[in-house]
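Pasting a structure here, questions to come.
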Amino acid sequence: MKVKEKEKKENIPLTCGAVITQPGSTKKYKTGEWRTFIPIIDQEKCIKCGKCWMNCPDGAIFKTPEGKFMINYAYCKGCLICEKVCPVKAISHKVEEK
Amino acid sequence: MKQVLFLGRGGQGAVTSAQILAIATFKDGKYSQAFPNFGVERMGAPVRSYCRIDEKEITLREQVYEANYAIILDPTLVKQLTEKVTELIIVNSNKKPEELGIVTDAKVKCVDITSIALKVIGKPFVNIAAIGAFSALTGEVSINAIDEAIKQQMGHKGTLVEKNILAIKEVYENAKRE
Amino acid sequence: MSEKKVISGAEGVAIAVKLCKPKVLPMYPITPSTLVPEKLSEFVFNGEIDSKMIHVESEHSAISALYGAYATGVRSFTATASQGLALMHEILPIVSGSRFPAVMFVANRALSGPLSIWNDHSDSMSERDQGWIQLHCESNQEAFDTIIMAYRIAESKKVLLPVMVCADGFYLTHAYEPIQIEDQEKVDAFLPDYTPEHYLDTTNPKTFGAFAQPNSYMEFKEEEEKAMREAIREIIKVSKEFDKSFGRKYGNGLVEGINLEEAEYAVLGVGSVCGTIREVIKELNEQGKKIGLIKLKSIRPLPVEDLKILCKDLKILGVIDKHASIGFGGALTNDIRSALMGEKVKVEGFVAGLGGRDINKEKIKELINTIMKNKEGYWLK
Amino acid sequence: MAILGIDEKEYFASGHRACAGCGEALAIRHILKAAGPKTIIAQATGCMEVVSTPYPESSWEVPWVHCAFENTAAVASGVRAALDAKGDKETNIIAIGGDGASFDIGFGSLSGALERGTRMLYIATDNEAYMNTGIQRSGATFPYANTTTSPAGKVIPGKTQPKKPLPFIAAAHGIKYVATASVMNLMDLHMKVKKALSINGPTMIVVLVPCVPGWKIDSSSTIDVAIKAFETSISPLYEIEEGVLTINQKPSEKKKVEEYLMMQGRFKHLLPEHIKKIQEYVDARWKYLEENNGKKVFDNLF
Amino acid sequence: MSEKKVISGAEGVAIAVKLCKPKVLPMYPITPSTLVPEKLSEFVFNGEIDSKMIHVESEHSAISALYGAYATGVRSFTATASQGLALMHEILPIVSGSRFPAVMFVANRALSGPLSIWNDHSDSMSERDQGWIQLHCESNQEAFDTIIMAYRIAESKKVLLPVMVCADGFYLTHAYEPIQIEDQEKVDAFLPDYTPEHYLDTTNPKTFGAFAQPNSYMEFKEEEEKAMREAIREIIKVSKEFDKSFGRKYGNGLVEGINLEEAEYAVLGVGSVCGTIREVIKELNEQGKKIGLIKLKSIRPLPVEDLKILCKDLKILGVIDKHASIGFGGALTNDIRSALMGEKVKVEGFVAGLGGRDINKEKIKELINTIMKNKEGYWLK
Amino acid sequence: MAILGIDEKEYFASGHRACAGCGEALAIRHILKAAGPKTIIAQATGCMEVVSTPYPESSWEVPWVHCAFENTAAVASGVRAALDAKGDKETNIIAIGGDGASFDIGFGSLSGALERGTRMLYIATDNEAYMNTGIQRSGATFPYANTTTSPAGKVIPGKTQPKKPLPFIAAAHGIKYVATASVMNLMDLHMKVKKALSINGPTMIVVLVPCVPGWKIDSSSTIDVAIKAFETSISPLYEIEEGVLTINQKPSEKKKVEEYLMMQGRFKHLLPEHIKKIQEYVDARWKYLEENNGKKVFDNLF
Amino acid sequence: MKQVLFLGRGGQGAVTSAQILAIATFKDGKYSQAFPNFGVERMGAPVRSYCRIDEKEITLREQVYEANYAIILDPTLVKQLTEKVTELIIVNSNKKPEELGIVTDAKVKCVDITSIALKVIGKPFVNIAAIGAFSALTGEVSINAIDEAIKQQMGHKGTLVEKNILAIKEVYENAKRE
Amino acid sequence: MKVKEKEKKENIPLTCGAVITQPGSTKKYKTGEWRTFIPIIDQEKCIKCGKCWMNCPDGAIFKTPEGKFMINYAYCKGCLICEKVCPVKAISHKVEEK
């Protein structure tokens, strides 16, 4: 596919002065694609301390209404900081398979 | 003129691959030109780079819209290949080509470069080793030229250079066998 | 209330600014624009104007604070000259690229080196590419009026580009002459409140100053160029309305032809020198010489169509260029030649008045003599 | 809603393009949480701008403005004046710049804003080099670090100058609040951001943010390295409030700088003599801090 | 020793700089020029070059330190791009006004806003008035060679003006291709030591950077303009000598005509795009179309006479403009139109390639089609 | 030959166009004498540049270079690097800027040069306003002073911020020598210039130089006003050497600030409340100096 | 059109003189334009300023090369007058015109403005008072208009304005008597 | 006289880059012309302390080979600092007469 066509297809909407009117719109872009390692939380081991949530640079960990900490794999880049900071080693990792 | 596309992840060295290929083909007596896709990509994001190879001087400066060959350094990136490829797609993968689901008119070959790299280099450095596969499967560049190119580009890195050269050879042999 | 007073050009500009009620005034001194911030400081420190003054530490910060103020959605103002404008250079296309309708006053002064505090147009001409509308003034009344028109033009939804109002340093800024000072009410009626669509707002968070990839950058620039085309129409419109409200006009707002009806030759000038050219033309016309004047007010957008019409019966046009693009002569001349390529008129450029060299009647006559003899332009020292 | 007392809502959206493991992105995420939604951010060019605003996408859930590399504090001054003119006394303004933007190219503009008393919180996210352009030396680069413009060369072993002491330089302006912070202690960062925003006048926080490719570390060790920086006193946590210095937290056991240095590829060329010099340098700075703990180190109030 | 190697354009530039033995290297990073200071840092930190590197805190200080070094009488160098060059703006005419033969490498990149790290010519084109010789390069070999020629040209006693060597960011800086790297001895023979007449010297104290009053400022500027005229001759001379020493040349050093003999139409390009145009021209010539290429290397001084000669048999010239003077279209087009005013050739401008938009073969064909149909230029997106 | 131990030769020639009674010209005259002929001067735009270099005349008997307003320290860095490259270790480099050039617009460039350790003496000649352009407020302007951009207005009584504490800000960079001086004590100025030039690294002196039209004083009272500034502790004389503060000279009797203020037209609008505030401000700063006299106030050596 | 040149010392107020004259002549119903010689002069250096007066609008912007009138505010500046003056030169001096040694075709008049200023204002502020002499000796501007002009320009300065007005009157009378 | 002619007459010599090659050349310009007051040293009273020499902003006081301090009226602007700083009131002033 030619970039030129692609460019035309993309047809980026232009705002005046290149203002972005949609806050937080990078959410459209799934950085989970970048991952080479995938972290996995062992909910059994987890003590719900929230440290993984605190330390994730990508805001890819969230707390469920039930109080569980889970990983949003759409954004998790697999840095494995969460694994390192977990005080009870509830997080482990594997090589990503896509 | 042949156009080669490398597709990898930021940090994986796709840019270096294209550079080394350009150096090597020049050592083979051809003209070459390598350049990255000009982006702001960070480690982990998909990154493209290109190499042009020709018998005569290359003056063309447009970007690569259509490649003769594509080399995908990371099997997870297969879906990111949107460019048209006319001859051959080489994928670093331990799978079979048909398992990858690539829709293309080009041939697709898989070489498990990561395993070889891990074995020979001890680290998953696939970007240079991949050129061995390219050499084996296309004949566009000689293995000796690649060796020399690595030395020119990474000259000061000692054992790593040696290991990469070994890895290239092994990947080459491996790909030849395919 | 409205009155006509003899005051300095700089004071006139400051009063006009006050009448436009800007909210933020980042200010930094530089000769010969300093009188403007000084006068505005007086207004602020005496509580005569409801604006926040920012005593920035450099012009780079002045234009940056101006940018910040416009991002926050308020009308604002700054003034500078020469090295100050040059120091703002990097930020100028960011302001225009952001489509902020800022107004800045430039007291034209030569650029160093060598250092010169005197007048020419090298400061503003060196910024002619940066997406700012650039309007020049012949007199202090025109400077006063142009400030008010500038906000209207800039803030027009079709335009949304910043405007540089330029007046010759010393020649105008430091000259005392009569200025009709208009009523606040009349100015208010002419210039509506500034109501931007986009601004920094915690209830509707937007992102300003994002980066554009190759898939959109060029389109944004093209939008700017289109806005400049709109500005041509808008300037004419605002100029007409200004005339209706205040009874004064400057050609069509972009350019003015003077005594061109019969003319075979004409001089094109920008700014205060036009006053002196007028005198010369008058004299020569009385002697029966067919000479006219084209007073170019708008450097950007360049009113190409108007210029073609004004020049259609001319044999030769002599351009007075108060700035040289070193390595290719007068910069204005090149623009005019480009605008008139394919027309029958010949354009000769005369670089003059650099670094405060006075362009007197005698030199203008010398220029006219030269073009009437169909000789080439030169550095008219 | 809150987790560990911290706003659960994300104001720095996922999908940003920072490297996996980026310390700077982590700091930004928490700065925004601490500041809350009534906040305008003015940010300098640098990694964080580039990873978060590829038109037409933005990671920012609060109003955000960028202009150039060297003028963020001036832009913030314009924003503040405009808010003042509108009578808005509520909205926070945080200016953020990397170490390049803050210690080097934008320091003139920052110093001007401190001098004229712009009410804003200026945060320098310090990853000790120009990362966005590929790891060049800045005034904040740690001595002897290998960067692409201060390489570990045959005759010069990396950066030859000490780290520019920005917090002290800022405090010397006589402003009311200056603090250091680190991604090592995010609660502390929260507290400092909140405190700074409560003050009427310019305030400043310098946050240490490890960078994965820049420091040549594994993406998972961002926090570990920051902890080690603290434990070795390389990155002490302190505040200077109305001129009075307070060390916020002391390492329970002071570790050798070597432990910190050896974690990072950028220091792998160091010889024992270099390490010794760094140890002395760090010790002297720590001694100064301890000696002046609780004392008024600056005075310029009016 | 002399060898041909595949390396990046930036590395080629750095090696060329090293061969010219500058004494002072003020350096500041910015994409896409950063690879040059990085490579030079390697040379310095490894002791391979006897130069002092200054880690300045901004480009403004880089150019200022360069100024200081030249005032002290030593050959020096810096490199920058885009915002960095823009931040230097105020100091550029001070360097040229001081007649310091500095050489600076510019990796062309678009100016913000919106922010873009990608290639176009808005950074260097925006400085075309500031008294710097401006030479563009099509290939990395040309960039390598032009650095060496630049010092010769700049330091010629007849010229003594600074030179900006421009190469397209990414397209050249980041491209690996074969570069013939020359011997130190040959370069030394070609480029004599720098021996300035004036420099800061406690045994013969002189004053640099004085201010000029209206009675002399204009003369100093005229001297600069004259030096640019000299530069036209000098560039041709240096280019010939370079060819003699190294066996390579780029037209006459200022401009090159390609396949113009039979041509009725031609494309004028600057920099790397000329390579792509060459390909297109070749194809079209083979199809029997009478198309040529004018590769403009020297933007300042603009080789007006050469352009006239090259264009004398053309019907229409299409200019590819990688920079727009917002409010009056392509800036290069305007210059070329001015240069060719009165000639029979028609000049059409095409703004293209802004902010990294690729100018591919297809677009060039589109352009050629347009001019062959005698249609107007436009924004070629 | 010497008079009072001072070089008799003039290096700042008569015929310069400074106002009669200019304190700044007097300071320059002595700075040059102290530095001697093996000195290069780099100077910012400002009164001194304008009064001394109308082409084709120059007042300078030593090599002198000017570039712009905001970059003198960077120019000096270039000069130093060039001398280093030539192997010249003898020649002094003194960069001079007014308070506008040094406290405000050129501070970024100055800070950069201090950070990278340029060997130069930077002298800020402080007349507390932009005088060359007609007395506008600078960061150095004394609080409440009437200037043309901080006029004594009906709602704002002159400058509202304190004086930017430049010597401390410079010292906080960790440089080896910072001092204040004044035309009040020219011998002290000589000593400090000589000391600063003997140090291998960046050094800085801030000299108080009264300005006749700017301060609205009689041309004959330049020295008197400077003396009063010292006696009231408004202009204390101190050095910060390797971080250690030393007060050089204390007024025998501490006079009230009022005495100083009332000598000058720029303060004639002040009300008792303003004078009281100034007295408190000056007292607090003096107290800080006295308390820290002899102490290490900064540490960042490497 | 009449062109008036003021010659004084930096700090002496020659620039203000021209401005006040311009304001005054405008109040008299004429057109006027005043401007300084654009220089970098400091206190003490010679300073020039100009005023143009005409019945019709003044568009001329060139500098003044030849004046109808010159007013020299400081007798020590007589030698500095290099411009051609066609009608009248007024010198603030207690000497006789012939004692000043001015070579000119214009008339020369001396008025001891300093003495009057010292007497009436208590300070040697001669710049405004001098306009009184100009009014008396040329009739180009009315005394009332000058008073109003002073009020416009110096409005806020209270007693100084009063004193200047008195001084002007006295200088006017004095000059008339000459 | 017209400025234009004057300009032509002046015929300022141009150096390359506007370098001034004559150090201290402002000495050509006699600032003594600026003076409105003239300071006079009473050599009888003078104790030769050099304070006037020290404090003159114009370097307009010099020491004769005999050790006297004298004023160079070619440059003295008449600021009267010297009068103020003289410890023995050896300096007085008059209005300048030229």
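Residue numbering begins at 1 within each chain, and the chains themselves are lettered A, B, C, D, E, F, G and H in the order written.
Keep this in mind: a residue touches a chain if its C-beta (ideal position, glycine included) is under 8 Å from a C-beta of that chain, and two chains touch if they have at least 3 such contacts.
Quantities reported herein were computed from a predicted structural model and do not represent experimental measurements.
When the contacting C-beta pairs are counted for F-H and for F-G, which pair yields the higher total?
F-H
Look at all chain centres (mean of CA atoms) and spot the one farthest from the centre of subunit E.
G
Where the CA atoms of subunit G average out and where those of subunit H average out, how many Å apart are those spots?
One centre to the other, that is 29 Å.
What is the distance, in whole Å, between the centres of subunit D and subunit F, each centre taken as the mean of its C-alpha atoms?
Comparing mean C-alpha positions, subunit F is 32 Å from subunit D.
CA centre of subunit B versus CA centre of subunit D: separation in Å?
39
What is the distance in Å between the mean C-alpha positions of subunit C and subunit D?
Centre-to-centre distance between subunit C and subunit D: 42 Å.
Going through subunit F residue by residue, note those that touch at least 2 other chains and give them in order.
17-20, 22, 49-50, 53-56, 58, 60-62, 66, 68, 70, 103-105, 107-109, 111-112, 115-116, 139, 212, 219, in rising order.
Would you pick out the residues of subunit E that each touch at least 2 other chains?
Correct list: 55, 57-58, 83, 87, 90, 94, 97-98, 112-115, 117-118, 205-214, 216, 219-220, 356, 358, 360.
List, in ascending order, every residue of subunit B touching at least 2 other chains.
38, 40, 44-45, 63, 65
Any idea which subunit A residues touch subunit D in the complex?
Touch residues, subunit A against subunit D: 12-13, 15, 18, 20, 22-31, 34-35, 50, 53-60, 63, 72, 74-75, 77-81, 83-85.
In their complex, what parts of subunit F are in touch with subunit C?
These residues of subunit F touch subunit C: 45, 49, 55, 66, 68-70, 103-105, 107, 130, 132-134, 136-137, 139, 148-156.
List the residues on subunit D that touch subunit C in their complex, please.
Residues in contact with subunit C: 37-40, 42, 49-50, 53-56, 58, 60-68, 70-71, 73-86, 91, 108-109, 111-113, 115-116.
Quick check on the complex: what are the subunit E residues that touch subunit F?
23-24, 26, 50-52, 54-58, 60-62, 64-74, 76, 90-91, 94, 200-202, 205-213, 216
Report the residues of subunit E in contact with subunit C in the complex, numbered from low to high.
Within the complex, subunit E touches subunit C at residues 83, 86-87, 89-90, 93-98, 110-118, 122, 125-126, 128-131, 133-134, 209-214, 216-222, 224-225, 228, 231, 299-302, 304, 323-329, 331, 333-335, 337-342, 346-347, 351, 353-358, 379, 381.
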